[in-house]
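Read from first to last, the chains carry the letters A, B, C and D; within each, the first residue is number 1.
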Amino acid sequence: MSHGVEFCGLSLAHPVINGSGTFDAIAARRAFGPALERDFPFAAYVSKTITLAARAGNPAPRLWEAPGGLINSIGLPNNGLDGYIAEDLAQLAELPVPLITNVMGSTAEEFSALVGACDQRPEIAAIELNVSCPNVKTGLDIGADPQQLAQVVGACRASTRKPLIVKLTPNAANVPACAAAAQDGGADAVSLINTLRAMALSPQEGGERRPWLGGGTGGLSGPAIRAVALAQVAAVAARVSIPVVGMGGVQRSSHARDLIDAGATLVAVGTETFRDPATGARVAAGLRALRRTGEGFPTA
Amino acid sequence: MSQWSAAPAPFARRLLTVLGIDELGVYRVLRVADVETPEPRPGQFAMLATAERWGGGEDERPYLPRAFSIARRRIGESHFLLEDVGPGTRRLCELREGDGLWALGPLGRGFQPPRPRHRAILVGGGVGIAPLAILQDALEAEAATDVTVLLGFRDGARAQGAALLHGARVATDDGSVGHHGLLTELLSQELYRDSRAEVYACGPAPMLEAVRAMCATRDVPAQLALEAGMACGFGACYGCAVPKRGGGYLRVCVDGPVIDARELDCVSEHAGAPS
Amino acid sequence: MSHGVEFCGLSLAHPVINGSGTFDAIAARRAFGPALERDFPFAAYVSKTITLAARAGNPAPRLWEAPGGLINSIGLPNNGLDGYIAEDLAQLAELPVPLITNVMGSTAEEFSALVGACDQRPEIAAIELNVSCPNVKTGLDIGADPQQLAQVVGACRASTRKPLIVKLTPNAANVPACAAAAQDGGADAVSLINTLRAMALSPQEGGERRPWLGGGTGGLSGPAIRAVALAQVAAVAARVSIPVVGMGGVQRSSHARDLIDAGATLVAVGTETFRDPATGARVAAGLRALRRTGEGFPTA
Amino acid sequence: MSQWSAAPAPFARRLLTVLGIDELGVYRVLRVADVETPEPRPGQFAMLATAERWGGGEDERPYLPRAFSIARRRIGESHFLLEDVGPGTRRLCELREGDGLWALGPLGRGFQPPRPRHRAILVGGGVGIAPLAILQDALEAEAATDVTVLLGFRDGARAQGAALLHGARVATDDGSVGHHGLLTELLSQELYRDSRAEVYACGPAPMLEAVRAMCATRDVPAQLALEAGMACGFGACYGCAVPKRGGGYLRVCVDGPVIDARELDCVSEHAGAPS
């Protein structure tokens, strides 16, 4: 039985991809050499978020270990659109899987400029919109307001015929409504969840307590958010007809299986990859085994 | 392949077996059976986690693996120098013969060999002496370089760690062993004696910064082995950033941990070893 | 130095109370006898949520253990307003601390009826509004929409002069805006966070996978949400001038201290009380010790 | 205070010390030093968690404490019967002499003594035999009651658990020990022989339901010791609900765990012991 899966017109070898910003294939090539391509763990590769202008990212420290999870305040460091196209694209195109480029703007115009540029590049198979950027006026994430979201997605839709995936923000009152707005705006798929807004105070003794993270607050990922992700994925999958990419705290194939049973077509792994870069391959193999045994779910 | 070039790390964490754990003052030397790992370059590190009991401590930590310099290689063995400073190092210090250890590596950029006819001055503070041990082994294997070892510790119990290297001059903060004062005072003497040297340093951030500043002033090349909180160790998370000269950040795990001192304006407070 | 704290005109012996629905003083009296009153761990007692009509609660199972936390789908079982007043109030009035009654309605009218009834009862020192009930029309929690929230709080304000605490929902795009709306509506304090919407699938082998919890989805509490709580409490405290009751994953005094440093006046403990009913007393004692040592924060 | 009335539990969890752990087929008997605990009533339980390594397993579980019947009291000791069915019970089964154990209890409503001149039939399935051991002790201490013990197990390794009580008739699903068949077949014989009896049952939900139905048909009073996933054990969380006759729910921890069978329409699938 084939383990392959169709996703927005792409034929993928299995249903496991990476979460944006949690795997740098270029750095990994340096660390792991040719094994990276030989044993590439993901069925498609999602780039970290690319913005129009280059960004250095947030001051250190950028990480805090929370119960069952990780808080990061990375701040989307990237070479900017031009740098990405000039420097990164050729290397990413060598990967043995389709390339999904994740982009973020702070306005509909910025988004559609990013998408338009990606549309021109044959190396890019699909585009993911990161709509978790706070809107300067409302303070809300752009993706938290269904109307605004539909408008942003509509502008992007007009700029490309490549598959458009909208990565929803979990910091919204009604995530299924946002997913529906993305679909109405012309999205081919939605992905979720991104990290939950979180914070840690510095453990320093005495004096005024200040936030530990250089960026003030950060985003919580990992096992701690798994049950929140499952609830949001199930609610979104019940609401939209386009495919759903589920992620959040996946560590093992049983977690991926939960997301698929809740309605996800693909599953992404993020934080667990930090603990073991081969996580994606392990999860995919586990799903394959589950299939072979006739969809049986192994209990501990 | 020379000992200065690194082979890529296996692309998955591996389960290794603990051979033993030895006391060295307040430190522990963890020895693990490690046959398949490519030979590390001095200065490289591994991400380690115990196979059991990782997680579930106070505040449910540790969760992520922790970074440790490869302190020494023997045939089929890797050694790590550990100081118990928190939940992750505590669990590692509690390992016993036969226990399992998850390891990913060797990772990162190691030290560059000194230019011909330059003396290597190894400057290590506290648990930061670890990568200098394997560096000393490598330099002595080539026999072409004069090696001077300067090690600094907070107190006598820590100064026992100096036994990891040999022929070291030692300084302690409390004067209980060796020179009573700062390690950089010893370095200053050495550079005064003969400044045709290259400095290799690893230790707490204030020490590294003092070394950096001293070498910059005297125009002595220095390679600093930095540290930073790491989630992955292979460039995936961008969490291990330290500011670089001219703006922007370096990732300690892939751009380092060994950084040419000239790439930094200063060593930031989070970029050193536990002190 | 006194450890007492003023909160909405109430003089409390220390800053630690319980989270609504996580301590049943009547049942605890049965389990622990007179020690309950003698060693009462909380500086004020918050009742579970009371609704107009009695509710039996959700079908079993109601609990799922998640990484670093607990998902509950209890469904607000309670005797209804009349039962509460007739049966519970006399027993709760015997507790050695002020009584805060938590109420929930599904409309502004229901809320103000509940508040009006509580206003008449001298046993009740303050009223907490649980606004996490989903609105039938929008599907949103009532408390997730600032306008609707201000209106509900306004209606309640008109029905009582007792202190009104609004327990915000964390499942909102902009929690500080909701807090500001509560303040504008006349709230004397806000409390947060309530549980995060979450889900688990049954571990049963074979066949169709279905939600484990009888109620379908549930709410995540405990250590897993601590960092999310801290971020929301800090953001809310920065936005409003009324006092804030912080909660979410507090297990030890250092966690309470974090919330207080982030701007909370009181701290509530919930899930950790299940592991040890004396948690509140332990946290309060720890805070007292921290104070004595001159606000120094003990690192591990 | 008689053994049928319960003193309140101390209002905090307490750290107890493990005296030993004994094998009993696939089960373990955990013995802990427990001097200050008020004498439990038969059928009461405690919430237990190991002092170390609670948490941090696969999926970061266990996190909450787990409920266990107090299987026996000896002077200064409490005994628990454990079956390893998941992360919490596994950790408890791994306890060794000298280890710490967090305990809260005794909790819940225990068994009611039988009416005078009524035989007590104790019906236990699998690990559900635990509260019947302390019940047998109590009944025999009074010597006024005839006690019949019927225990059912899945297989021979489990049937060794029968040694926790004495004089038991045993049934096994696989026929390896005693009667080959259902426990309720033995109960049916006993009730046929003499129906002036009261039934005390604890075990898997299907067994409890069969016992309930049989006793209801024959109008024999039955006390069922139920189980349910519990977060607190003292009525705080409302998590341990089971449907009661006439609508609504009982909280197993404070309304039970021992429930008069007439309070139930049926024993729901989540209300029994691990089978």
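The rule is short, and it goes like this: contacts are C-beta pairs under 8 Å (C-beta built on N, C-alpha and C of every residue); 3 or more make two chains touch, one makes a residue touch a chain.
Computed from a predicted model, the values in this text were never measured in an experiment.
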- Task: In contact with chain B and with chain C at once: which chains are those? Just list them.
- Result: A, D
- Cα centroid separation between chain A and chain C, in whole Å? 33
- Task: Could you give the separation in Å between the centres of chain A and chain D, each centre being the mean of its C-alpha atoms?
- Result: 48
- Spell out, as numbers or ranges, the residues of chain D touching 2 or more other chains. 59-60
- Task: Any chance you could list the residues of chain C touching two or more other chains?
- Result: 67-69, 223, 300
- Message: Edges wherever two chains touch, nodes for the chains themselves; is that graph a line, a ring, a star, complete, or other here?
- Response: complete
- Spell out the part of chain A that touches chain D in their complex, as residue ranges. 68, 223, 251, 300
- In the complex of these two chains, what residues of chain A are touching chain B? 21-24, 26-28, 30-36, 39, 48, 56-63, 65-70, 72, 74, 77, 222, 271, 273-278, 281
- Query: Okay, in this complex, where on chain C does chain A touch?
  - Reply: 64, 66-69, 71, 138-141, 144-145, 171-174, 176-177, 196-201, 203-206, 209, 217, 220, 223-228, 230-232, 234-235, 249, 258, 261-262, 294-300
- Query: Which residues, counting only chain D, touch chain B once they are in their complex?
  - Reply: 53-57, 60
- chain A contact footprint on chain B (complex, rising order): 7-13, 49, 59-65, 102, 104, 107, 228-232, 234-243, 247-249, 251, 254, 268, 270-271
